[in-house]
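Common to both upcoming complexes is chain A, partnered first by chain B, then by chain C.
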Partner chain A sequence: MTSETIISIENVFKRYPVGDGEFTALKDINLQFKRSEFAGLVGPSGSGKTTLLNIIGSLDSPTEGRAMVLGKNISELSHRESAWLRNKHIGFIFQVYNLLPVYTVFENVEFALLLQNIPADERKKAVMKALEWVGLADMAGKKPDKLSGGEGQRVAIARAMVKKPEIVIADEPSANLDAANTHAILKTMKKLNEELGTTFLFSTHDEKVMGYLERIVHLRDGYVEQDEIISPKSMTT
Partner chain B sequence: MKLAFQLAYKNLVGAGLRTWLNVGVLSFSFIVIIFYNGLIDGWNEQAKRDSIAWEFGHGQLRNAGYDPFDPFTILDGHGVLEQKQAENLTPILIRQASIYPQGRMFSVALKGIDANQTTLEIPTQALRESTAAMPVIIGKNMADAAKLETGDEVLLRWRDKDGTFDASSATIVQVFETNVPTVDNGQLWISIEKLWEMTGLQGHATLFVANEKYQPEQIPGWKYESQTELLSDITDIIATKKVSGSIMYLLLLAIALLAIFDTQVLSVFRRQKEIGTYISLGMTRAQVVGLFTVEGSMYSIFAMTVGSIIGIPLFTYLATKGIAFPTASASRDMGVAMAERIFPVFGIQLILGTILLVVIAATIVSFLPARKISKMDPVQALKGKLQ
Partner chain C sequence: MIKFLLKGILRDKTRSLLPIVVVSIGVMLTIALSAYMKGAFGDMIDQNARFDTGHVKVMTRAYLENKNQMPNDLALLGVDSLAQSLRQDFPDYQWVQRIRFGGLIDVPDENGESKGQGPASGMAIDLLNESSGEAKRLNIETSLVSGALPTQSGEAIIGHDFAEKLGLKVGDEITYFGSTMNGSMTFQNFKISGTIRFGAAVMDRGAVVVDITDAQQMLDMQDGAGEILGFSKLNVYDDEQAGRMAEKFNAKYAGDSDEFAPVMLPLKQQNNLGEWLDYADMMSGIFVFIFILAMSIVLWNTGLLGGLRRYQEFGIRLALGEPKGRIYRNLILEAVLIGAIGSVVGTILGMAISYYVQVVGIDISGFLKNSTMLMPSVLRAKVTPELFYIGFIPGVLAMVFGNMLSGIGIYKRETARLFKELEV
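And now, the complex of A and B:
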């Protein structure tokens, strides 16, 4: 495992126009994340977690400052380049799973690979492997509405992981899950983090999730309150 | 692009009832458009065929003084052609006359025609073969209107060369069936030799009908109208029919397109999260616009499929069996030949044209709402918060 910095947030501000004035959602954020970190943004609702994750995921860009992800300046990417970055290198896991309802589990997981024009047999192998990681290989043919919440989120994990991205962004992934499912998905993600070296970035205010994190960045009102290393794995290597 | 089609297909099939409603209305428009135009085209072809066979031949050489739309020109609009110039031409001399079946008066165009002619289908051999003193033939409509039958005698009154009235009893030797109203309604056919005798206009003709061997030439005092020129009136009348009929099916098409437009507007609004998800999975906004547009145009492809399943057997049946028009004789009053049974013609041009029209229209109405996606903020889309 290398200690290469793959995400670098430098003096980032995010402001939204509100009425006549503006609202500052992120205030002078400076953070670095290294490859294979298992880290989380923690803070109360409205503290800017989602905003920061969206910038790292190149869905959004900073109003001021620089966000470097995998060597790319997010603000300078064209639509096509940022789509390519998300497609190849960034997996998203959402609070509400966001599975595509008309597709089967298999097709949901396959989607990113379809966009990459990967041949069918390779796609199939990769999808089945990803479903095995999350223990849902036998659900491949089901439609999302036939799944329980825990299963839905595991499909979302498989979908994010199938392309073996460098970074997975998980915005409050446990918010709709019970304790057992929360532990199950976090164990799965931790295992993938260790086996594949994928960087995981969470946002959460769930104590159970925090228990798995190796690093917790506390956000409050849009600024970093505390950057806390819990387990030194990512720091020592 | 292939991906967009695959995804669009899944989305549409996944959307269930709404998809099939849109497809249903659209395929109905498809069928109606093709049916209506096929019917008109069939009528057009038939009308042209009939008019050529019964009236126009391969062209007409008309006396310059004669205008078929002005009955007052009949009196003087006639002349004589040299023997050589009249080759391959069937002479017709028109005179105004009246008949008095059961005491009622009917004004008629008394048309003298070469009884040996074979250019037109008018059964002139009946005039040749009859032993009656003054044999005439009439069409079925005329016979119905004047309540005349084969074998009836009717009083005929005409003007002779001095302009004085002459009268004699004519015998209806045949009633013929034709779809061409202009050789039927108000027309009385007689041998031209007989008419020459009756009027003293020996060798005169109002017009000549050409056969296929005729080579048109400039003859002073005469005006040649080619077959195409003669048919252009029919083409015009039928084109008008086509336009007036198109209003009906364009309305139907508009309803179908509106339904697709509506579905698309709703889709773009309701599927924000899905749009955000596509973008998070690495689609560009342009690709998502493409996907939604393809979804919309795919309605037309589905509709084509459904339309073919219903349309191919239906149209094949209609094209071979024809469609009965019991009111055809009423339509003949408009002056265009119309058969009791019309065989629609579903040409490749009509079918491809309709497909193109529907696919392009569906694509446009799908693209217009989908275009909004390109301005969407993916973050807001994922939150489902866009208005």
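And now, the complex of A and C:
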């Protein structure tokens, strides 16, 4: 497993206009994440977790400083280039599963590949494999409203993973799950992290999630309060 | 991707049903009204052509100026040679002579005393000569209510309503009172061979149809006729061709200052029919424009509502890396698919209604009781090939315009807010 730096955040500030003044959501953030890390941003609401994930996920850009993701400077990307980066290299898992309700489980997972114009037979193989990873291959034909919360989130994981992205960003993935389902999906994600070498970045304040993380970055009021290494894998250089 | 979008359209009824219904209704109304307008105006024009204007008409300049008074004193003379020259110059047209005359119809009793009278509007046509095609052109045989076509001189057919009003039946005798082309009084007896319903209220109320030779004799118009009508042998009015013919014919007499010199007018320049034709075209255009506009507004709002409902979906798609432009294009593609489905449904319904109205028609005779216009009593739609696209294209365009307007919101979406928005 390689240990190259794939995310590099250097002196990043993010400011938003508020009334006549401005609100600084991120203040001089400096972080690096290596390939296959299983890390989390932890902190109370308003600490800047989601803002930082937005920048890493190329959904937003810094007001100041430099955010490099997979060798791309996020500030310099056009809308189309940042969409392409998300499409090819970044998977997203949301707090609520955000599956498209009119499509089946199979079609929801397939959608990520449709955007890449992958041929139908390759898509089918990849989707079924992704559903096998999350243990839902037998539910491919079901609609999202027939799934339990845990199953829905596992479909969301399959959708994020089907294109084999280098980075998966998970925003409070356990917020709507009970303990058993939280553990189940985290085990799934950990397994994929180990098998595929995908970097997982979480935003969470769920103790159960933190228990699986190898690295925890504590944020408070837009600052990095503490960058805590839990397990030796992320220390690999 | 099209298959994927189509699945969404078919499964998500709220995304597709209302727009399809709106487009279908709009397209159906556009087609039905266009067909009805075309049919009704076409019938009116056709009826005018057959009974009055021909595809072109030749008369004297003086007759033309006083046409409404049926001025037989200003009629064409030497019509046989004139008709012959018309046949030579314009062989694609059939040329027939007609005389219009007004007068009084008197109904004598068994003692010869008058038992009833009524004003008559007479028309003399080449009835006894089958090759003229006049009886067929005026649908006289099929319009007979009782009796038969005149087979010999001295017979007449009479409007059925007129006959009923005067208490006449087939075989009865009537006497025509009027004036000759020279202004002297004339009267002539006719035997009623049949009664007829033309389907034009103005004629059914007082028409008398006799053979032209009888009229020429009765009105002292030997080798004379009020009008010579030309009908395309294809029986289709071609305005350009008729215009060219009239121009050519009139050029021959341009240097002649005689008020009795003949003049040719195409159908469109008679009885304001040109204005009616332009009016029909304009109304069809207005209908189509109104429906596109109305449908676009409704579909724009439907699209806005749909956009709100699909706000989450578009957010997910943006987060998954679908560019805004592609989402917008796919939205337009969906609009094309929905518009096409709605337009097909609307076209089928519109054509079915048009065909029904073409076959059955709408009876407006009740409105024409006092009308002096030559209008058919039953208005029918006309199914034409253009109806297949006249509604289809606007149906698709309206849906596309509606979605283009409502989809602009996609470009205003801030990706930085997606995580927050998708938490809900």
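Simple rule for what comes next: the second predicted complex is superposed on the first by the 236 of 237 C-alpha atoms of A that agree within 3 Å, B and C clash if a C-alpha of one lies under 4 Å from a C-alpha of the other, contacts with A are read in each partner's own complex, and residues count from 1 in each chain.
Note that in this section a residue touches a chain if its C-beta (ideal position, glycine included) is under 8 Å from a C-beta of that chain, and two chains touch if they have at least 3 such contacts.
Model, not experiment: these values are computed from the prediction.
If you put the two complexes together on chain A, you find that chain B and chain C bump into each other. In the superposed pair of complexes, A:107 makes contact with chain B and with chain C alike. Of the two partner chains placed by superposition, A:10 touches none, neither chain B nor chain C.
Of the two partner chains placed by superposition, only chain C is touched by A:53; chain B is not. Once the two complexes are laid over each other on the shared chain, residue contacts for A:95 go to chain C alone; chain B is not touched.
Once chain A of one complex is fitted onto chain A of the other, the partner contacts of A:221 are absent, as it touches neither chain B nor chain C.
In the superposition on chain A, A:87 makes contact with both chain B and chain C. On chain A, the surface touched by chain B in one complex and the surface touched by chain C in the other have residues 54, 57, 59-60, 79-80, 83-84, 86-88, 92, 94, 96, 98, 100, 102-103, 107, 111-112, 114-115, 159 in common. By the touch rule above, chain A contacts chain C in their complex via residues 50, 53-54, 57, 59-60, 79-80, 82-88, 90, 92, 94-96, 98, 100, 102-103, 107, 111-112, 114-115, 159, 171-172.
Of all residues in chain B, those touching chain A in their complex are 3, 6, 10-11, 13-15, 273-274, 276-277, 279-287, 377-379, 382.
Interface residues of chain A facing chain B in the complex, by the touch rule stated above, are 54, 57, 59-60, 79-80, 83-84, 86-88, 92, 94, 96, 98, 100-103, 107, 111-112, 114-116, 159. The residues of chain C lying in touch with chain A in their complex are 1, 4, 7-8, 11-12, 15, 312-313, 315-326, 415-416, 418-420, 422-424.
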